[in-house]
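Shared chain: chain A. Partners: chain B in the first complex, chain C in the second.
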Partner chain A sequence: MNRDLALLIGILVSLFAALLLWIFYATLVGDPVARLGPLALEQLPASGVSHPVTAVLLNYRAYDTLLELAVLLVALLGIWSLGPAPSGFRPAGPALTVLANWILPLAILTSGYLLWVGGHAPGGAFQAGALLGSAGVLLRLAGHERAGLPAEAAQRWLVVAGVAVFLMVGLLLAAFGEGFLTYPKAVAKWLILLIETAATLAIGATLAAAYVGGRPPGIRSPCPSSESPSSGNPSSGHARS
Partner chain B sequence: MNAAFLYGSAGILLFALGLWSFLVHEPLLRKLIGFNIMGSGVFHLFIAVAHNGDGAAPDPVPHALVLTGIVVAVSATALALALNSRLEAAAAKASDAEAGSRGAPERAPSSAHHLRWPSQ
Partner chain C sequence: MPLLLLLFDTILLTTLIGLAIAAVLSAEPRSAVMLFIAFGLWLSLVWARLGAPDVALAEAAIGAGIGGALMLSAARRKVRRDSGGDPSHEPSGCDASGDPGGDPSSNPDNTAGEEAQ
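Let's look at the complex of A and B:
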């Protein structure tokens, strides 16, 4: 890129940042405006959980969270539509294998803990799912070609589980309850836990599958691609063994 | 308020740095890194805005937005990286074909695999 143009862009971006800083400062020192925070804390007893962030995510703004899960799913579908996954890395050394063996069960256990604790303390589906996804990344780095995920058919069920359970609960509530994703107070906690469990599995599977970087290995594509993912690549031999 | 302003200003600074990097650098990978830094700046700002003074409970709404935003940003980055690697593979293939049609025998028959990210 042209040097002068880069300088001009730098100056314009600096001016923009100064404007943003001024707006931010004016907002902080200005009169306090009505915010959603106090309302969220006030309604907490009716939400079914006692941690405000979880209440915001799964109750007040459940629509938003549902759509975010859909975004995750669409991103993964985009990755899968690009073709088969590149082959894995070379086999892990003994140290990494042992490390993975130690960390994986702990990560899965911690993920379950985070899921449960989300009801009353920092935690919840997104943290738990991110941890599960990172366990998958570790497995893939340690040489597992599918990042610990099951075969393709089961993988498809896993990645849609979050959106599917969320939508089903919402539609059932719309049909027999008070409205779409308006939980009855008595069962709100259990509905939220059900949705969060499915969302955790879906987020973990989606992130791990996204890291794999293509359609799950070992799947025949309907139109055979001219370029096989592993042909001629010396690092792919181990993966079949 | 002071801590919130400093933290939020750092977020705005990160956002501006990321925006500059995104606009100035040509390679897609660099653009993607700049884009992620922009996102981190926005997350910083949201966390700073949620601060309600020492000891008071923070505003949960921005926290929830950041929480989902991080996971969505990670998945969008994965999609962009996958697109980038396919683009590079396609570009390598095209330059191979071009070299082949010009009859350059010294060129390796399939260099696409060597240029492919991340199997490299």
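Let's look at the complex of A and C:
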């Protein structure tokens, strides 16, 4: 049975690979239809940023990025629903502690740089957020149980901040502007920067929380704290999860 | 000069495919994840060579970095579960209140230095 499953997976993957190869071939030899690249470059001055990739991600196809943030949020909700986070590592030895102390400020600084530079050069919210998240991973590895994240309530706000700010800007523009996520040219840069800042914080918090790997120890922890510390009945710990 | 570049590209691509195959065929989750991280970093080199630094940055940071860290911890949990670690201690989250599973000297979680390499 296991062997049949492996065979099935192999066949499906081969079919998928063949499909991808066919698409690649079709793109290479097919007639060069009107490509979007020149159009995107042409509209660049109106987009509020001078880097074409950021213009595509945050302006022309902003809803796409919004949905990516939502996917990250849903993934974290899935991880949280699996149960409380496992306990952290023991405090690291001197070498890793010193390394973390040096790398953490640099990572935060570089993340801010990547966020800002995304307007006119390679960079942007996802890279900056990933760097923040990896700073959290390093903290967790060095023995900080919560990976530098705040308490549960603040953590929830942080994690939804990206989607929330994005949606709020979009809805406000839909109500008082030209349409959902259609930035007015004058403030496009600042709206994009606002969205990207919120997205960076949210992505960093989400990725770090994903690495912690479970619901944060919160006020409404299901642990019977006054009961026996061994928590002998494992099902009681998951009763409310 | 183009010949040298062609040689460089060939090495880049064959190594990439070799890493991918090695990661897929690796039986042990931990080494598979490590090969996958190497694959991700190598892939970011390929993106940079293709002139797509945005994608290269994202691949290195998210694909190889965070994704690799997540998969490493998943592989570690799987190994612990397979080796019959007492499941009642594992995700209890109450360890701070003196759960024996949280004992720093006996917890198999404590591979911090090793993981950080």
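Throughout what follows, the second predicted complex is superposed on the first by the 189 of 241 C-alpha atoms of A that agree within 3 Å, B and C clash if a C-alpha of one lies under 4 Å from a C-alpha of the other, contacts with A are read in each partner's own complex, and residues count from 1 in each chain.
One rule holds for everything that comes next: a contact is a pair of C-beta atoms (placed from the backbone, for glycine too) under 8 Å apart; a residue touches a chain by one contact, two chains touch by 3 or more.
Quick caveat, the model's predicted, so the values are computed rather than measured.
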- Scan A:L41 for contacts with chain B and chain C and give back first, second, both or neither. first
- Task: Using the superposition on chain A described above, determine whether A:S134 touches chain B (first), chain C (second), both, or neither.
- Result: second
- Pick one for A:V71: touches chain B only (first), chain C only (second), both, or neither. first
- Message: Contact-wise, after the overlay, does A:G93 reach chain B, chain C, both or neither (first, second, both, neither)?
- Response: second
- Task: In the overlay, answer first, second, both or neither for which of chain B and chain C A:P184 touches.
- Result: neither
- Query: A:G123 contacts which: chain B (first), chain C (second), both, neither?
  - Reply: second
- Query: Now for A:L28: first (chain B), second (chain C), both, or neither, which partner does it touch?
  - Reply: first
- Message: With both complexes superposed on chain A, which partner does A:Y211 reach: first (chain B), second (chain C), both or neither?
- Response: both
- Item | Touching partner for A:G10 - first (chain B), second (chain C), both, neither | first
- Message: Counting contacts the way the document defines them, which residues of chain A are shared by the two interfaces, the one with chain B and the one with chain C?
- Response: 53, 82-83, 86-87, 89, 124, 126-127, 130, 207, 210-211, 213-214, 232
- Message: For a test of understanding, state which residues of chain C touch chain A in their complex under the given definition.
- Response: 53-54, 56-58, 61-62, 65-66, 69-70, 73, 77, 87-88, 90-102, 104, 107, 109-113, 115-116
- Query: Taking the complex as given, what residues does chain B use to touch chain A?
  - Reply: 1, 4-5, 8-9, 12-13, 15-16, 19-20, 23-26, 45, 50, 52, 57-61, 63-64, 67-68, 70-72, 74-76, 78-79, 81-83, 85-86, 89, 93, 110, 112-113, 116, 118-119
- Item | chain C-facing residues of chain A, complex | 53, 82-90, 92-93, 95-96, 99, 114, 122-124, 126-127, 130-131, 133-134, 137-138, 141-143, 145, 207, 210-211, 213-215, 217, 221, 223, 225, 229-232, 234, 237
- Per the touch rule, the chain A residues reaching chain B in their complex are 1, 6, 9-10, 13-14, 16-17, 20-21, 24-25, 28-29, 35-37, 40-41, 52-53, 55-57, 61, 64-65, 68, 71-72, 75-76, 78-79, 82-83, 86-87, 89, 124, 126-127, 129-130, 203, 206-207, 210-211, 213-214, 227, 232-233, 235
